[in-house]
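Note that the chains are named A, B, C and D in the order they appear, and that numbering of residues resets to 1 at the start of each chain.
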Amino acid sequence: MTALRVAVLGAKGRMGSEACRAVAAAEDMELVAALGRGDDLGALSEAGAEVVVDLTRPDAVMENLRYAVTHGMHAVVGTTGFTPERLRTVRDWLADAPSTGVLIAPNFGLGAVLTMKFGQIAARFFESVEIVELHHPDKLDAPSGTAVRTAQLIAEARRAAGLPPAPDATASALPGARGADVEGVPVHAVRLRGLVAHEEVLFGGTGEMLTIRHDSFDRVSFMPGVLLGIRRVAGHPGLTVGLEHFLDLD
Amino acid sequence: MTALRVAVLGAKGRMGSEACRAVAAAEDMELVAALGRGDDLGALSEAGAEVVVDLTRPDAVMENLRYAVTHGMHAVVGTTGFTPERLRTVRDWLADAPSTGVLIAPNFGLGAVLTMKFGQIAARFFESVEIVELHHPDKLDAPSGTAVRTAQLIAEARRAAGLPPAPDATASALPGARGADVEGVPVHAVRLRGLVAHEEVLFGGTGEMLTIRHDSFDRVSFMPGVLLGIRRVAGHPGLTVGLEHFLDLD
Amino acid sequence: MTALRVAVLGAKGRMGSEACRAVAAAEDMELVAALGRGDDLGALSEAGAEVVVDLTRPDAVMENLRYAVTHGMHAVVGTTGFTPERLRTVRDWLADAPSTGVLIAPNFGLGAVLTMKFGQIAARFFESVEIVELHHPDKLDAPSGTAVRTAQLIAEARRAAGLPPAPDATASALPGARGADVEGVPVHAVRLRGLVAHEEVLFGGTGEMLTIRHDSFDRVSFMPGVLLGIRRVAGHPGLTVGLEHFLDLD
Amino acid sequence: MTALRVAVLGAKGRMGSEACRAVAAAEDMELVAALGRGDDLGALSEAGAEVVVDLTRPDAVMENLRYAVTHGMHAVVGTTGFTPERLRTVRDWLADAPSTGVLIAPNFGLGAVLTMKFGQIAARFFESVEIVELHHPDKLDAPSGTAVRTAQLIAEARRAAGLPPAPDATASALPGARGADVEGVPVHAVRLRGLVAHEEVLFGGTGEMLTIRHDSFDRVSFMPGVLLGIRRVAGHPGLTVGLEHFLDLD
């Protein structure tokens, strides 16, 4: 088997340096280039990169992506800031490169992606659902973006199934006790020193409860998802948004 | 909307009496017959039953099913003891009744069925997996049948994905510490006064953990699954084994 | 061993009837009287009751207690509505009966009492603490009284130890996301069909987390605490408020 | 307030270097010496150390301790290998230094120490108890030493309270399903990639469950316990074995 030739952009950042380590350690891959801010993209061509991993910043990612697509390289992108307009631009570039694949993923954690997916599937079978997310106390937003997104997907699945609102007889409550309301799904944000990133989706039905919990203990938890993206991107020409579409879940 | 005409067989048993209550309480159903051991099956025809729910015993279920199928009634069956030969016999009867549906389900708990399904889906994405099941101390077998079945399905999914055995450096262990080995998946059985029936499937990968937990607090937890089976059986002609096939999970 | 002679007041109520069953089943006790509303208290003396269990209502409990104390019977009380003035009155009665014991307990669940106690002990060792309580959706108040009480006890222990407020960098939050503020301890109330009564106290410190969780699956969970109170009340003359004082925890 | 003058021995090891960082960051302490293997202990006296933290190895710790005690320095010791004979020797040295304190602690994790303590307290109130410990798959022993120690303490408390064995009707079990038997307490060891060190003590009684769970995510979780030991050792002259004795738990 010939090793897949992989380049990492943003190689000096926290995620990028982890990605370099993970690619270098993968038996079926070769790390052929590791570029930082300001390095010449021409090095990607010289290195013969087949897949480019972009873990840079919103102000750099579009130029990187254009270079990759116009030079026939697939791309796996964890950088944020993709507006609908930016996505349209990427699709336009790909129209001229029909065999090239680009994966843009807001979250490379397999556990997080599966939690959302399972939450969507289970949503229509239970009367009640709430989400508890738990993070370190230095986090600025509450609830986390992942928890809000999970709640929205579940709310959408409940609406599609014609479910009524979850039962709640609360008549007297302290402010905030019942959590934040995200499209009808209560979301509770816990902040504790020592934690990293954790999410629980709690479903309740007559006489039973189903819990889906994801614990992320370390940034390296994203690497299996990045490697999976690298391995599969060539098999998915065009633009894909969301790692879940590479997981053969449907 | 015309209410679905439902009959319950084994109506005096623990599950059967719960089913009578649940059917009677459902707005889209009418309980038209509730038969116990020795009652004449002719009552099913007189009552005009459209769906027959069988919660009887292995020595009664086959005769009940033959009556239902030959009289054009759909059947939802929670009774145990279905050998491959019995399943073949039911299929033979159904060959002559192409619009009739029979659902035979070893477990009507939606949470339990989803736990198995999610376990199968997640299996191929994680290096490690173990199962912890927890029950009341009057239970005779360990691990529970549900936990063993879940482990087998996960083991099958791992094999299909070509995963190696889960890592385990244990060099010195007390007997039993690492649980029972079910096709390579360790299964731990906890027995505590006060509990009912609980199962945790624990997946571990680099830097993260995914937990799927099902808590069954009460026998009534099976009723939403029974009602779902009653509502959907007419739309699934022929024999279906396993409630998961009615859940549109794929 | 002579069996302890126990009478139950409020014997037809939900808690009272459970208590009758529990006392009757205990090998070291004899149920000598089971009175309902309106029954003559003289029956307590006729039956030779040594310990009276009061599970009645606020409008009946004081008269019952006076009868018990003035007739030399110990009392174990689960009835609510004890104001400071009522407690003073009970103490006055007991001043004339120095060998008689009265236990008034707002909560007979051993698990709940231990959860509060452990919460108090652990409070001063951790930077962060939050409480998540989970109940069935027919509950009227949020958070539960037990969770509020637990939070107050923990807040008191933190103040006594001179701890600063728990760290929380939240700068942008949806309303309610961070829970209800009970004296600086965030409390989150989850409501799900199928649940009974559950409480988690979560402590976080550098690199670690300590969780104390209590699950109450059934009203019978209060009975071991009631029996313990009956067995020990004679050994604690005077008035005791709170089952924790009978548990030899200090 | 004058800062406490602290020296760390074994300063280049994993635990020792964390301890140096923690002491240096504590406002009420000053790190006055950080010695590695082979460094001259005379540096402790020159630096005017008041408390010596020993995180070295069994072959070095006794000489270090003798130096500290004979020079009037208190000591906080995390090094292992203390036999009864070694403890006797340390006590002999301390007999001549009545105002000097030595703390030897097998575990500086506050959460782990509290978990054991709470387990001991709760033991006598519940019919059933089991332990589940979860670790990374590179761990060599199963169950963990902490889980075995916790089980022993609980078994001792049950015996002291005269409790019968926990109920268990298991008649048919796969080998290992019911865990390892540690003095009558079943202990289950789970090994999953991605985990660090986690322990659950599960108590079950009629209708209820009490869970005490400790999650250790990082080696730094030991530092608050080390700092607490440093602050309190001067107030506990003589030899103390076990951090729990400094926590004012009784």
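Everything below uses one rule, namely that a contact is a pair of C-beta atoms (placed from the backbone, for glycine too) under 8 Å apart; a residue touches a chain by one contact, two chains touch by 3 or more.
Source: prediction; values computed, not measured.
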Checklist entry - Through how few touching steps can chain B be joined to chain C? => result 1
Checklist entry - Copies chain A and chain B touch; is their interface built from the same residue numbers (over half shared) or different ones? => result same
Next on the checklist: Counting C-beta pairs in contact, which chain pair has more, A-D or B-D?
Outcome noted: B-D
Checklist entry - Per the centroid of Cα atoms for each chain, what is the distance between chain B and chain D, given in Å? => result 46
Item to check | Approximate Å spacing (C-alpha centroids) for the pair chain A, chain B | outcome: 34
Checklist outcome for this item: Per the C-alpha means, the centres of chain A and chain D lie apart by a whole-Å value of 39
Checklist entry - Where in chain B do residues touch two or more other chains at once? => result 126, 194-195, 203, 205-209, 217-218, 221
Checklist entry - Which of the residues in chain C come into contact with chain B in the complex? => result 194-196, 217-218, 221
Item to check | chain B residues touching chain D - in the complex, by the definition given at the top | outcome: 126-130, 132, 134, 137-143, 148, 166-182, 186-195, 202-209
Item to check | For the chain D and chain C complex, residues of the former touching the latter | outcome: 109-111, 114-115, 117-118, 121-122, 125-126, 203, 205-224, 228, 247, 249-250
